[in-house]
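Below, each structure is written out as structure tokens.
The two complexes that follow have chain A in common; it is paired with chain B in the first and with chain C in the second.
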Partner chain A sequence: MAYARLDRREQLTGWAFIAPALVLLGLFMIYPIIWSLWMSFQVGKGMNLSFGGFANIERLTKDPVFLRALGNTFIFFIIQVPIMITLALLFAVALNDSTLRFRGLFRTAIFLPCVTSLIAYSTIFKSMFATDGVVNQALMALHIIGSPIGWFTDPFWAKVIVILAITWRWTGYNMIFYLAALQNVDRSIYEAARIDGVPAWARFTHITIPMLKPVILFTTVISTIGTLQLFDEVYNFTAGSGGPSDSTLTLSLYIYNLTFKFMPSFGYSATVSWVIVVLVGILSFLQFLVARDRRRT
Partner chain B sequence: MSSLKLSGVRKSYGHVEVIKGVDLEIKSKEFVVFVGPSGCGKSTLLRMIAGLEHISAGDLEIGGTRMNDVDPSKRGIAMVFQSYALYPHMTVRENMGFALRFAGVAKDQIARQVQDAARILALEPLLDRLPKELSGGQRQRVAIGRAIVRNPEVFLFDEPLSNLDAELRVHMRIEIARLHKELQTTVIYVTHDQVEAMTLADTIVVLRDGVIEQVGRPLDLYDNPANQFVAGFIGSPKMNFLAASIVEKSAGSVTVALRNHSGVQFTVPASGGAVGEDVTLGVRAEHFGEPGAGAADIRLNVDVAEHLGSTSYVYANAGGESLIIEREESRNEMGQEHITVSISPERAFLFDSKGQRIR
Partner chain C sequence: MTDTSLPAVGARPAANVRSRVPANPFAILRRALVYVLLSIAAFVSVFPFFWMIVGATNKSADIIRGKNSFGSELFNNAATFFTQVDALRVFWNSAFIAVVGTALTLLISSLAGYGFEMFRSKVRERIFALLLLFLSIPFAAMMVPLFVMFSQAKLVNTYTAVILPTVASIFIIFYFRQATKAFPSELRDAAKIDGLKEWQIFLFVYMPVMRSTYAAATIIIFMANWNNYLWPLIVLQTAENKTITLIVSALTSAYTPDYGMILFGTVLATLPTLVIFFLLQRRFVEGMLGAVK
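After this line comes the complex of A and B, so read on.
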């Protein structure tokens, strides 16, 4: 790599240009991150903090609510991300077909959820899945169920609704990435495959998926991070409780509760935050490992 | 090896007809080149033969069987695309063997066939590379290899050399000619480059606006173009066209006056035409003679002269009409502003106002 050495004046000018951004980033991002790491070693309530070493980490292992939140987050992640990624891929491939009519309409319809207001859609979901809501009424009218399901009072169904909601909201967002990637694929590759006698399913599994691999990896990592930080939907559906009986409590909601709802325990909530960071790191690394090119690049 | 027959083949997209009734017979082992300007329908016609485009009307037969509604993979064809269309995540070996995996061929058999094709195309050292690690010419060889492996009855080439640089194009052209000789298959080759057409083809099919203008052997088209379009399309540099009108007509010949050269008129053998009709005189660059050697001389202003060593091309004009004149030896003509050349009627062509040849 060859680069010209800048003289001192030019170097200073360069730094001066990026200084404002750097100061803001440092003040509002880097400093809080470091401070939160420091805080995660503090114990005590409210502002009455003292250094506790690994006490918070020890507390994590014995905290049933934390373990519950961790388990819930994992369930959301393991079930929701694969469903959403698969759906997004299928939608993208279907909506990339140039012979499909009303493509633009479908694309918009599927993409729209991720730009709608969070509160508005949460409220609509809540009303749809209320005990006397439209979903129960429809299911009963079709004689699929005999009596209304308490969607938000049953631990199993509450999780299902959360998964349903975030899948509805984010599938279109991921689909757009796949569509963009698919539109960059040379059409004659598929034509060559047709002449080669490669059946449609194999064109999908052997050509489309491998060619979209970098995008699939990207969306998987982004979705993983998003799911590990899941907060808004659960908060809105359960009025911040993560109920029924903590069955939809996520790590982020727990952090919020630890900080702002219970007797403030800043040190401990910082520790839980760092758990998310570590998990994101590990999961992303694993995903990169799985998706790694089997050959040298 | 298969013959091909197209009868009354048409293609329309909505109300727009792009192939307007093509009848063509291609003999087994023949190397046929579809040539024409862009938008003439040559690629569409090829894609219809491949089965990538539906045939709106008419019949396509390959080896005596009607193939209109047969799946592309069952037509006994293989196609090489302009963009190579290699599978980017597969090695050369996998690219070449991919089709066979789905044809139910045994693994060791696939390996053998890939190896054979690789040997023919000198791809053996590259078998484990990815397409992105290859040069343009190598990629095109892989694309050809992928076609060979399938052992097709008919090879289809869609402008295969357009993405290559000039030197490589010449090299690959020779390679393809050699391959055809070695494999003895029927080849249909689409190009807009008439040099490729002239050098590769047994038979050239000249297309314009979805219609076949002329079918023939390369030199037949060169020596005997059916109309002004073919005359202008086949041959490099392009045939010169001089505007003229018929001033006198007698049995078997007409006397024409050149519009941009006042007072220049001469008699040309011709089979048609009427007095007063606007016609076009066609003269190839190499058919202009020394002054006084032909029936008439014309004087031109020189724009540019390209001296290539063995030959030169003089770009000249008169009255807004540009002409290209080929000269064998021009060293002592360098820097001239005017040039006088003669026209020999027996080497010239004459086209009527509709572009049909009358001589």
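After this line comes the complex of A and C, so read on.
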């Protein structure tokens, strides 16, 4: 790629514009990340650390709580991200139809959850899904269930609630990205396909999805990062415990507990945090691969 | 993208699309299905808000029992909330952190986005690519060293400690760079001929022209700052410095939470993000559009 020739003055101006951001990122992001990589090879309590080589990684493989948190995080990711991305895409396509009435109203309503405060929605979910709360009552009135479900006391349903809650909150957010991208898709392509008798479903899979691929990839990666470091929801739903019996304990919550709740072992918690980094790296890479493969065919 | 930049074929059909009525019964059925699904989605999205507002007017026992009509406990709930929480102080903490944090993030990240896009060079292009790699590093990986850094600098329990690590956001820099691609370079050239310096162009030409981009970014950043949970939880340690999010969250983990009072606090904690959203929402999609192009 060729660059326009910049004179010395312009070069300096360029640096001046990005300098504040670079300084801050260096200080509060890159430096801590490198430090935490260094920490992950240290063992000991509090600030009394000594070099331990791969001792922390060995400890990971024998730590049942870590394995539990890893499994839970993975379940949240594998189930929640596809559901949310699919829903967001469907809503975006439906709302992109200019003949639809009340588009603005639907769009605002579906986007609204992600503008709520975190605390609002976790409190609301907690009270709505209380054992004798409104959801159980509605389900019992409709004869879907015979007796109330202990949403927050049953390990299975506690996971379901977490997945429901994140999906509720972030679907509209992702939908906005798709809506914005859909505005750029030339309508005449759809017109031509319609005239050629291409059915709606095929138009969706053969025009919409390929056109939106970069945005889908972007939102998938962002959602993957978000889900793998899930903390706020589980912390709030379970008063910080990750219960019942660790069934909603995530990696971030475990790091928090290791660092700030138990006897602090900075080295080990840094190791767990690097597990998230590696996972995000691998998953993003896989997602890029999938996106690229489809382009070739 | 404006309508004029669309090819003529694509720009015009809007008029006749609107007049076309689905002809066969299958199409009508499909259309009905779309409305039903969207209505369910909208209901599910909005119901919790309704529930929250109704809840703020009811007794805790009624809320748990699932009462969903307005009650008469609003003032009692408010009174309980204000006696248990130093609401003014806590609200101020949140507002200060969110407003200052958002303003700084907007400024620093848009400067960088403009800088990366307008003054391209090999080195800066490499730095940008490197930053995108760092985009995927989760906060958890920085949290422990950051905490140690701020405690060594004796800044724990200050606004500064909450705000500083959030100010330079790679995501927002990326967003501004994408949006800057749509900034007409003729405007910059004209301003240069008029003798404006680069910082003046940024301040008086770029910022006003890109106001939709700034509006969308404001919503995203303000929301993130206002709702920021994990980092403030770690770094803010005394009750008088905590944000409203932290305080209300602590109320819910009581052994028998008083939901009426809590939902009243929740309404207070949600208002600012809602107000910002409704004030800026007209520009929001416009702004997102510029960035996704």
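Following the convention adopted for this analysis, the second predicted complex is superposed on the first by the 270 of 297 C-alpha atoms of A that agree within 3 Å, B and C clash if a C-alpha of one lies under 4 Å from a C-alpha of the other, contacts with A are read in each partner's own complex, and residues count from 1 in each chain.
In this section, a contact is a pair of C-beta atoms (placed from the backbone, for glycine too) under 8 Å apart; a residue touches a chain by one contact, two chains touch by 3 or more.
Given the structure is predicted, the values throughout are model-derived calculations rather than measurements.
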When chain B and chain C are modelled together on chain A, clash or fit: fit
Partner chain(s) touched by A:Met211 [first = chain B, second = chain C, both, neither]: first
Which of chain B and chain C A:Asp186 touches, first, second, both or neither: both
Partner chain in contact with A:Leu95 - chain B first, chain C second, else both or neither: second
Chain C versus chain B, contacts on chain A by residue: C
Three-chain overlay, vertex chain A: chain B-chain C angle, C-alpha, nearest 10 degrees: 70
Which of chain B and chain C A:Ile145 touches, first, second, both or neither: neither
Chain B versus chain C as contact partner of A:Ile195, first or second or both or neither: first
Touched partner set for A:Ile18, first chain B, second chain C, both or neither: second
Which superposed partner A:Met29 touches (first chain B, second chain C, both, neither): second
Distance of closest approach, chain C and chain B, by C-alpha atoms in Å: 5
Where chain A meets both chain C and chain B, residue numbers: 186, 188, 191
Of chain A, residues touching chain B in the complex: 186, 188-189, 191-199, 202, 206-207, 210-211, 213, 295
Chain A residues touching chain C - in the complex, by the definition given at the top: 1, 3-4, 6, 10-11, 13-18, 20-22, 24-25, 28-33, 35-36, 39, 47, 87, 90-91, 94-95, 97-100, 105-110, 112-128, 130, 132-134, 136-138, 168, 172, 176-177, 179-181, 183-184, 186-188, 191, 200, 215, 221-222, 225, 228-229, 231-232, 235-236, 239-240, 251-252, 255-256, 259-260, 266, 269-270, 272-274, 276-277, 280-281, 284
Touching residues (chain side chain C, partner chain A) in the complex: 1, 6-7, 9-10, 13-14, 17-18, 20, 30, 34, 37-38, 41-42, 44-46, 48-49, 51-52, 55, 63-66, 68, 108-109, 111-112, 114-116, 118-122, 124-125, 127, 131, 134, 136-149, 164-165, 167-168, 170-171, 173, 198, 202, 219, 223, 226-227, 229-230, 233-234, 244-245, 248-249, 252-253, 259, 262-263, 266-267, 269-270, 273-274, 277, 281, 284-285, 288-289, 291-293
Contacting residues of chain B [partner chain A, same complex]: 50-52, 71-74, 77-79, 81-83, 85-89, 91, 98-99, 102-103, 130, 146, 150
